[in-house]
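Structure below; questions to follow.
For reference, chains read A, B and C in written order, and residue numbers begin at 1 within each chain.
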Amino acid sequence: MNPDRYFSPDPSTRGIARELYQTVATLPIVSPHGHVDPRLFADPNATFGTPADLFIIPDHYVTRMLYSQGIPLESLLTGDHRKIWKLFCEKFYLFRGTPSGIWLTHELSQVFGVDEKPSASNADRLFDSVSDKLSSPEFSLRQLFERFNIEVLCTTDAATDTLEHHQAIKDSGWSGNIRPTFRPDGVVNLDAPNWKANIEKLEQVTNQPITNYKSFIQALEQRRIFFKSMGATATDHAALTPATAELTPSETETIFQRALKGESKPNDAAQFTAHMLMEMARMSIDDGLVMQLHPGSLRNHNDIIFQKFGLDKGADIPIQTEYTRNLLPLLNKYGNNTNLSLILFTLDETTYSRELATLAGHYPVLKLGPPWWFHDSLNGMARYFDQVMETAGLYNTAGFNDDTRAFCSIPARHDVWRRASANWLAGLVVRHIIDENDANEMIQDMAVNLAKRAYKL
Amino acid sequence: MNPDRYFSPDPSTRGIARELYQTVATLPIVSPHGHVDPRLFADPNATFGTPADLFIIPDHYVTRMLYSQGIPLESLLTGDHRKIWKLFCEKFYLFRGTPSGIWLTHELSQVFGVDEKPSASNADRLFDSVSDKLSSPEFSLRQLFERFNIEVLCTTDAATDTLEHHQAIKDSGWSGNIRPTFRPDGVVNLDAPNWKANIEKLEQVTNQPITNYKSFIQALEQRRIFFKSMGATATDHAALTPATAELTPSETETIFQRALKGESKPNDAAQFTAHMLMEMARMSIDDGLVMQLHPGSLRNHNDIIFQKFGLDKGADIPIQTEYTRNLLPLLNKYGNNTNLSLILFTLDETTYSRELATLAGHYPVLKLGPPWWFHDSLNGMARYFDQVMETAGLYNTAGFNDDTRAFCSIPARHDVWRRASANWLAGLVVRHIIDENDANEMIQDMAVNLAKRAYKL
Amino acid sequence: MNPDRYFSPDPSTRGIARELYQTVATLPIVSPHGHVDPRLFADPNATFGTPADLFIIPDHYVTRMLYSQGIPLESLLTGDHRKIWKLFCEKFYLFRGTPSGIWLTHELSQVFGVDEKPSASNADRLFDSVSDKLSSPEFSLRQLFERFNIEVLCTTDAATDTLEHHQAIKDSGWSGNIRPTFRPDGVVNLDAPNWKANIEKLEQVTNQPITNYKSFIQALEQRRIFFKSMGATATDHAALTPATAELTPSETETIFQRALKGESKPNDAAQFTAHMLMEMARMSIDDGLVMQLHPGSLRNHNDIIFQKFGLDKGADIPIQTEYTRNLLPLLNKYGNNTNLSLILFTLDETTYSRELATLAGHYPVLKLGPPWWFHDSLNGMARYFDQVMETAGLYNTAGFNDDTRAFCSIPARHDVWRRASANWLAGLVVRHIIDENDANEMIQDMAVNLAKRAYKL
């Protein structure tokens, strides 16, 4: 791991980037949005299992790449873990130049002390060595959380979640700051898998029948209060498009009743989601929860894989996404209300300079989230800095999210962001666009402060 | 203000960029498209007012950024100017890394001799110092025009404008070359605010009743002749999309009559604008006025702000724009007629390499305007050079426009363009794609010649 | 021709790029997709004709640029060749910074020993000097093929082509490896010019009547077998969009019958093409021919030019292209079948990071073709590396295609690719994203191996 990795090769830029980076390299990690399972921290001694359990099986970034090269998912998700690990090591060259390659290399080196490139010839040895580490007490989740210097970690939790693991963490007296995030997609998107079952769960956890739109809204409001009481500062919403549009009360009721009866019409789900985004903005104004919107992923594109292996197997594919007209109703109603804070994400980079930066550079309620998912990469960050910052301004962005379910990759991801940020700022300094004083403040903001402020942490 | 600002940090590139830049640094400014108010030059002693009048209140680039961070527009547009200025200075850090930051820094330094960064602590002192300058005779508009070394400045004027200020400038005997541009949006776009009132103005200035499409067209033709007699060499057209399509005479008449009666149907305005773009191309072939098209801005996105504060308050948001099919009717009819010259602009950078460069690299009538509005920035220019030039070729582009209503920012904006151009060319030289002889000719073309030729100046 | 041309000016990057490049600079050329006329190689002594015949008349990259600057196509395509050449030399400055400029300079220097920039003053001399060379035996097509060190060259041939020139090449005993590619657009796209005549040709070459959809499919299958027997390893398909969707047998028959009768309905061609792409994938699974898809070009945009001068005159303009939803039917049916290999191309670079890289990074059947047409350029390649590689991974790409009908530009185009690849890899090395061992393997893959594997050569 070269200490100057990811910096520009230009000596003047590199020198400044290095200095800027060093001022934030060891700052605590603020992780305001991600998908780590809170259950892992509820048990004080929980560990990861095998190297395959940690690095391969749950990581769709890794399995999709191997699958794309003709390796059956069966051989990656099931069977002997040493065999899975060997397959991964043999094919490690596929990750050359990819963010997964960078994160995996960082994790192996910085977490497990492995500085060799995985390959067919060292696969067995690495498996043993990593397995040894994983079974030792210093590699419990909680110890790693502390070693990673995580100041706060936000999880993502269904609206119907009891948050029992969050409660268990609190009850245990452990000091780790782990907060839930309210994600109501499963009850808000009428076409969510198991929507009806989710509504029934919502009835159970709120202890009230949901027979009409009004009781549905009351249940959601009640859950938000509960999440807030458990430490949540934000909500999160996925939608195929960022369409927003208020329905009339009677339209809302009609659509909701059709859904309860399992008789939804083709357009109902899209209309209802668009309406519910308005409702969620209204509730955020009331309860102060920061609202996140993650649109534009066509989930489960590969039906065969979905039927066989379920969600999150690498077949979620982005689509073109439109924000200017889609957000118009929401922004016209709530865009000037500074009690609202709405953080936008995108998988469609064409919207950076055209729509997102121009919207965020005007509306007080808007902030732009960092490069998301496929774009959480060195080039993705460079494009984001290039296309967003001039128009939106740094202070209309929300710092970094790692957005990961791979807990051990968190330090790697924040390290890439901090280095990329330092390198971007150094580029501005050497071209005399900002001075070093500015850069020194901005790197602190990018590493930690913007995320804390945007998420009210 | 570092003399090497905005150049690549690579020493070989920087050296060549510097040399190229020096050959154009002091060339006169050719400003073929912009929004400076000609009234400012009609009065020989006109000045700017306070620092807030100059730097903040009329500049929606500045106010939008402050507004986006929760500062009420009321406190920026109204009230005590010293207070407005202080607010601006306190929040000056918001402009870090933005083109506004670059322009403001340049103006303060080069026009007002202020080399400090504005801040809460120096706000009062800067207000006094800039105010002093502004009230001195050397800071009259005309003196600055000469000091800025502006060879020609084109304004943008409604079709119904009497051009009295242009006339007054001429009559005054002052040598400043200020030319009008014919912008008929207010009478051509049926959904323009006050369309009917604009038609009545058109009747007055042409001294003929407009009762049907034929008299409307005659009025426009008459106005174009008048503008030309006043020095205009170009027209300018805004439209939500670049759709072009000829209606039949009876369709045209029907739509026009409905508009006169205030009974337009939903689609009328879009169809009529598409038709009128064809008509404007035809007229340009007749009278030789260069035609400019600026599509793709959804104006007044924030209705509350529009109702309270009116046009141009930072809430015009770009939309996706399509040129290949939209321009097909116009280009099929007039695209090979070298009497036409049509300069295209875009706010949708995805069209640079896909549509605009390929169209301009084929059709003799087309030229591409420089990066527009949000993209008039260092990164915006770099993306434009990167994505346009290989396919369109430099000689199918139209040099630079500052497109500004902020008169004092004109030298800053041209300086950024000249530096960015020099840096781009230096990058081609060091990679041996062009040689220094080529680069030396190209930098002259980019700084001045292309704009002069494209606009027939 | 500087030996370090096109490399980054940064000394550390340049040094590594140079070393990487040198390991592949003289490797044989693998050209798996292009448009060179096989007839040229059927005659052992065939030559090119005049310099205008070689460099100008057949090259729509060259003529479009000259036409865009107001030079009539008549004066470029007809009349005295020395005059055409002079016009080209006078206007050679138009190609500054363009890929055509790079290729032409390379060809003149490396193939014809001309190291001067063409201009009005040396035009006559260059015409004579190049003419002399062209009439000498070493400049026969076959000798140049050998001198260019071409290992394999694939042509593109109509489904109805007899492949007589390929047969003649074989029969001649010459060792040049020239293979056909099966391109059935003329019979598959119902709106192709002369579709009915093409069907009749298909009847002739298959010696069977085509009276219904079944016999049409049988004819295509038979032709594919014939092409394969003649050395083809791939098919190629152009379509306005990449829409794929299976029709029912009765829909298919109805649409096909309407087409036979010349009574196609407006939507028939689009639906039939979408259906036939599914059929072609099915056939590829059966016969192993690699499938290429080149969508998104709106052909013959300039109708006047098309009427006067026909196809391929520089007026094919890209349109926005959507892959995620359009390919869903095909990928859901065949996307997991590793007997299929589908290589995707695009003229819409916005799809690189959003759709193509994410699809190719998941589906085992997909590979991404190199930057196509207008994007086959230094910047186009840099954008492709930047936007594709992190998400798709290098090993889901298909190496390089020159895709040219300009035979003498083949070495230039591969040289640009190899240099751009070396430069990209060097950039990864200096930023410590990959190491030099990785880079040394990757440059071999990019220069030759990926193309060979993707095209089964």
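Just a few scattered comments:
To be clear about the criterion, a residue touches a chain if its C-beta (ideal position, glycine included) is under 8 Å from a C-beta of that chain, and two chains touch if they have at least 3 such contacts.
Just so it is clear, the structure is predicted and the values come from calculations on it, not from any experiment.
If each chain is drawn as a node and touching chains are joined, the picture has every node linked to every other. Superposition of subunit B on subunit C using C-alpha atoms only gives a rotation of 120 degrees, nearest 5. Note on chain placement: the centre of subunit A and the centre of subunit B lie 40 Å apart, centres being C-alpha means.
Annotation for subunit C: residues 8, 10, 350 touch two or more other chains. Within the complex formed with subunit A, the residues of subunit B that make contact are 1-2, 4-10, 64-65, 67-70, 93-99, 101-102, 298, 301-305, 314-315, 317-320, 347-350, 374-375, 377-380, 383. Every residue of subunit B that touches subunit C in the complex is listed here, in rising order: 8, 10, 12-13, 322, 324-325, 328, 331-332, 335-336, 338, 350, 353-355, 357-364, 366, 386-387, 389-396, 427-428, 430-435, 438, 441-442.
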